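In what follows, subunit A forms one complex with subunit B and a second complex with subunit C.
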Partner chain A sequence: MSAVAEAPLAAAPADARKAGDWLLIATAILLCVWVLLPIYLLIVNALSSPEQVTAFPKRFFPSFDLGSLSFFINFAGVARALWNSVLVATLTMILAIGLGAPAGYALSRFDFPGKGTFRFLVLMTRAFPLPLLALPLAVMFIRTGLDDTAIGLALVHTTLALPFAVLITFSLFSGIPVELEEAAWTLGCTRWQAFRKVILPLALPGIAASAVFAFTISWNEVFAAAVLTIENRTLTAFLLQSLGESPLYLKFAGGAALVVPALIFIFAVRKYLFAMWGIANR
Partner chain B sequence: MHGKALPYLLLMPATVFLCLFFLYPFVLVAFEAVTRDGAFTLDNFRTMAGSWKFPVTVRKTLFLAAIVVPIQLTMALLMASVVSRLQTGRSAALYVFAIPLGISDLAAGLIWLAIFDQSGFLNTLLSSLGVVDKPVMFLGYQSKLTIFIAVALAEIWRATAIMMVILVAGMGLIPREYYEAAEVFGASPWQRFARITLPLLRPSLQTAIILRVILAFEVFAVVAALGGTNLPVLMGETYNWQFTLQDRNVAAASALLILAISIGFTLFFLRVLRVPREARI
Partner chain C sequence: MAEIAIKGVAKRFGGFTALHQVDLTISDQEFMVLLGASGCGKTTLLRIVAGLETPSQGEVWIGGRRVDHLPPRDRGIAMVFQNYAVFPHLTVFENIAFGLRMKKLPQQEVERRVNRTAELMHIEQLLKRYSGQLSGGQRQRVAVARALTMEPDVILMDEPLSNLDALLRLEMRAELKGVLAASKTTTIYVTHDQVEAMSLADRIAVMHQGRIVQAASPVEVYRNPAARFVGSFIGSPPMNFIPATKAENGDWTVAGLTLSGPKSDRQKLEFAIRPEDVDAGDKGLQATVRVIEPLGPHTLVTCDVEGGLFRAILDSDAGVKVGDHLRLAPKPDRIRWFDPETSNAL
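== the complex of A and B ==
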C-alpha cells in the first residue's frame, strides 16, 4: 500500500517537480469538491424550511430551519419505515456475520477438498444482479409466510452482504498468525478456547467493521426492499414509492436521513475498505 | 474424525444459505420466465420484447452504461493515482473519495435532484450568472437529454468509488522497484503510468470493470428519483412488469435478460482482460 516512491532525481528540474506537486494537490482538492459539494447541497436543502426548499432562487447556505426535517419525521409512515430499516439492517448484520465469519475462518485455516468450489460460489454471487432475486423469492415468501416481514427482506439482503462478510473475515483471520493459536493449544486450550481467548479479541475490530458494512448494504438497498415489503416498508422502499406524490422537501429530508448514517458508517470502516475490495485481486 | 469435519461444519451454514437464497431463486426465476400456468412457453419473452418500450429501454440502458463506465474508469484511475502519490492528507483524500461507496443509489438520485430540479441549485447558479432568465425545466418529460445527463452524472458521482478502491488496492501490490528502475532510465510520469501501472494493474482493472458493468445494468433508483418513467431502464421495466402490470412471468423473463446481459459482459471482460498466470505479481 506504499505510495509511489518519489526518489529525488538530479535530472528533473526542481521547478517542474514543484509544478507537478501543485497540480497533484489541485486535482486532489477538485476531486474532493466533486464528491462533497452535491452532499453539501442536499444537506442545505434538508436544513431549510419547506418554503425555502421550493423557493427560487436558492440560497447556498442552510438557514438551519428544522421545518423540513420535522415534517419528514412526522409524516405518516416515516417513523415506522425508519424503524423497519434499522431492524432489517440489524438482522442482515447478524445473519451475514453469523454465517460468514465461520466460513471465513475455515477458508483461512484449513486446506480441504471443496475449498475452491466454495470460493467460486462466493465470488459468483458478485457476477449476478442480486436484487433480482427478490422477484422469485416474493412468491416463495408468500407460501412460507415470510412475505412483508423484516426477516424475509433481511434474508435477501444477507445474500448481498454474505460474500463481503466471508471475504473480509477470511482476510482478517489470514492476517493473524496461526502460531498464536498453536501456542494456546500447547498451553492446554481447546480449539474453541484458543479461538475465543486469542483469535477473537484480535479479529474483533475487523469483524465489527464488516458488520457495519453489512448493515450499510442493507440500509441502502432499494429494489429488493421495494419488491418484498408492502406494509412494513423500509425507508428506501418508502421513499421510492412516494417519489411521485411527495413534496420536494420530504424527498430531500429523506435523502439526508439516508445519507448521514451512511457517512458515519463509511467513516467507521474506512480502514477495512481495502480488505473488502482489495481481495478481489486474488 | 473431528479435525477433518471441522472446516465443512464451519462452511455449512453459509453454503446452505447460498444454495437456498442464491442458487434456488435463480432456478425459480428461470423456471418462471419460461413457463406460464405450468406449461413451457416462450410467450413471456415475446410479450417483453413486443412491448413498445422494450427497444428504447434496452438501447438507453446500454447507452448509459457505455457512457458512464469509461468515464468512471478514467476518474477512478485519476483518483487512485492521486491517492497513491499524495504524501500528506492521503487517508483524508481516500476517505472523501470513498464516501459515495456508502451512499444508496436512491439517495444519490435525490442528491442530484437537489441540483437539477427546476428550483434547484443549477438553475440558481445559471440565473445568477445571467445565463437564463427564468428557471429551466431540466427533468420534465420533454427534456430527455438533460434527464440522461443528470442520471449519467449521478451514476458517475455515486459509483466511481467502488472502482477507485479496487484500483488503489491493486496499485499497492505493484512493487515500487519497477518505478525506481523506470525513473533511472528516464521514464516520464506518463510513461511510468502507461508502461508500468496500467499493465500491472490489469487484474484489478478486470475486477473493477466487471463489477461496475454489472452494476450499470442494475441502475434503477437513481433513474426513478431523477427521471421517473421518462428514462426507461431495464431494472425499472422489470419492476413495472412486477407491480404496475402485475405479470411476474414477464418480470422473470426481464430479470433473466438482465442476468444474461450481465453474464455475457462478465465473460467478455474475463476474456479480453485475461491475465496469463505467469504474468501475475
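== the complex of A and C ==
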C-alpha cells in the first residue's frame, strides 16, 4: 500500500526537475541562436559572390567565393583605414596597459585611503555616455590640435579600455600570493627586482590577455572614431561613413572584416576575462 | 654570530594594537620558538624582525647592528613561509639558487651550494622539477633548502609545518631540528602547536594578546608558568586551577585540603596543579568523578572539584568509576600559586 502511495509523490519533484532542465536547455539554445545567427549570416554572405548575396533563396553554406572580400579589400580607403585602426588600437593597448597594470598592482598590494572609491570611480567612467562628451571633446581636441590624429583617438579609447585593464590586472595580481614577493625580498631582491623576476613572469600571460582586450575595445569602437576623425578614419568609422550607400555584399564583407578579428582576440583571452568576472573557466 | 635583540617593539594597525612594547633577546645559535594562539602577535613580531612589517615603535638589532630601518635583503636573514612560497615558474634548482644568483655568485659556486643543501634536505632527485609537480612535504623541503643555502645569520620560520599532515609533520620536525642545529644559525620559529614548540625549542616565548608572557626553557615554561595563561595554554590537558581561601593561621584551604602556601595580603589565591601531579589516596582534594577516559598507559579522569572541572591523570589500574568520591593528593613540590588579580605566579 505505502509503495503505491509514494510513487506519485516521488514522481512530482522529478517532473518538476525535468521541466526545469528543459527550460534551461531551451533558454541556452535561444541565447546561442541570438548570438550565433547574425555571425553565421555575416560569414556566409561575406564568403559568397556578390550575385549570391542578393539572390533568393539564400544558401545555407557559403560558396567560398572571395569576390566580395577582394572587392572590399581593394575598395578605395580601406587599406588606409585598416592601418589607422591597427595604429590606434596598438597605441590604446600600450597606454591602457602602461597605466592600468601599475594601477591594478597598487590596488592588489597596497592599502591606501580611498581605495574602494577609486575602484568604484574607475568603473563609473564606463557609465558616462560617450555622446555626451563627444562635442566638448571635439572642441577641446580641435583647440589642442589633437583632432584627426591617431594619438588623440587613442587617448579617448584608452579611457574606455582603462577600467578593464585596471580590473583585469587587479584580479591577476591578487591571484599571485604576496608571499612569493616577500620571499624574493628576503632572498635579496628590491621591490622592483622581485616584481620583474617573480611577479611579472607569472602575470605576463594575463597582462597579454588584458592588452588584447584593450586592443579589441579600440578596434570595435565607432562613435568617438566617427566624431573625432575626418581624414584619418579608423575602419569602423570609415565603414559607417562609406558603407551606408554601398551594395549589400560590401557591407557583409566589411562587417566580417571587423567582427572576425575581434572574435578571435576575445576567444584567445576568454580565460582571463572570465577570471575577471569571477566565473570559473569551465 | 648573530644575536637578535628586540627592544620595546610595538605595532599598531589603525586602532588595533597587535604588539605592546615587546622586549626579547635571542642569543647566537639559539632556537627560539614564539608560541601562542592565533592573533597573539607572534607572526607580526616575526615579520617585524624579517623587515616585512615596520614596527610602530622600538628597535630591532641583529648581530649588533640596528636593522629596523633596513629592507629585508640587507638584514642577513632568510625566511620560510607557512605556504612555502616556492616560485612556480622556476625549477627546484633555480628556486634554491635564487638568492645566490641575486648575490651574483659564480655559476660553479651556485651549483656547489645548491647541490649540497639539496642533499641535506634529501631533494637531489627533484632539482629539475617545478613546484606544481611536488607534494606539500617536498615543497616544504625546497623552501627550507632555499633558506639554508643563503647561509644566513638568522632563519625565520612562520609555522612551516602547519600545512603538512600529522605523520609528515613529525618526521620533518625531527629533521628540521637536526639540520638547523648543524647549520649554527639563530632561529626564530613561530607556531601555535605546543608539542612542536616543546620538542624544538631551546627557549619558548609564550605570547598572549600582543605581549610576551614568559620566555624560558620548555621545561621551565611547563613546570613553572609565570602566569595563569601559560599554565592553561601549555599542557594537554592543561593545568588545573582551584580557588583557595585564607585560613586562620595563614594557611590556605583548597577543596577541603589545608596547605601551607605563600604569604600574601590577599584573602583569595588560585591553587594550580598539573593533571599528572596528583595521586588518588585518602587525604587530598575532594573530587567527584564525572568522566573516565582510558588512554592506555594511564587514565584521564575528569572530576568536579569545588564546582569546577578538574582533570587528573591516574594510573590505568586505579579502578575508579563514575560517581566515585576521590581524594586527590597533590605532589607538594609541584603545587603552584597564582594571584587572581594579576594572574601572575607567586
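We adopt the following convention: the second predicted complex is superposed on the first by the 235 of 282 C-alpha atoms of A that agree within 3 Å, B and C clash if a C-alpha of one lies under 4 Å from a C-alpha of the other, contacts with A are read in each partner's own complex, and residues count from 1 in each chain.
Keep in mind that, in the parts below, contacts are C-beta pairs under 8 Å (C-beta built on N, C-alpha and C of every residue); 3 or more make two chains touch, one makes a residue touch a chain.
Bear in mind the structure is a predicted one, so any value in this text is a computation, not a measurement.
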{"item": "Which superposed partner A:153 touches (first subunit B, second subunit C, both, neither)", "value": "neither"}
{"item": "Dominant contact partner of subunit A by residue count, subunit C or subunit B", "value": "B"}
{"item": "First, second, both or neither for A:102, with subunit B first and subunit C second", "value": "first"}
{"item": "First (subunit B), second (subunit C), both or neither touched by A:266", "value": "first"}
{"item": "First (subunit B), second (subunit C), both or neither touched by A:161", "value": "neither"}
{"item": "Partner chain(s) touched by A:34 [first = subunit B, second = subunit C, both, neither]", "value": "first"}
{"item": "Touching partner for A:88 - first (subunit B), second (subunit C), both, neither", "value": "neither"}
{"item": "Subunit A residues touching subunit C - in the complex, by the definition given at the top", "value": "177, 179-180, 182-190, 193, 197-198, 201-202"}
{"item": "Residue numbers on subunit A that touch subunit B, as the complex places them", "value": "1-7, 9, 11, 20, 24-25, 27-28, 31-32, 34-36, 38-39, 41-42, 44-45, 53-58, 60, 95, 98-100, 102-103, 105-107, 109-110, 112, 114-115, 118, 121-122, 125-133, 135-140, 155-156, 158-159, 162, 166, 191, 216, 219-223, 226-227, 236, 239-240, 243-244, 248, 251-252, 254-255, 258-259, 262-263, 265-267, 270, 273-274, 276-278, 280-281"}
{"item": "Touching residues (chain side subunit C, partner subunit A) in the complex", "value": "50-52, 71-73, 77-79, 81-83, 85, 87-89, 98-99, 102-103, 146, 150"}
{"item": "Subunit A contact footprint on subunit B (complex, rising order)", "value": "4, 6-8, 10-11, 13-15, 17-18, 21-22, 25-26, 28-29, 32, 75, 78-79, 82, 84-87, 89-91, 93-107, 110-115, 117-121, 123-124, 127-128, 135, 157, 162, 165-166, 168-173, 176, 179-180, 183, 186, 189, 203-204, 207, 210-211, 214, 217-218, 220-221, 224-225, 228, 235, 238-239, 242-243, 248, 251-252, 255, 258-259, 262-263, 266"}
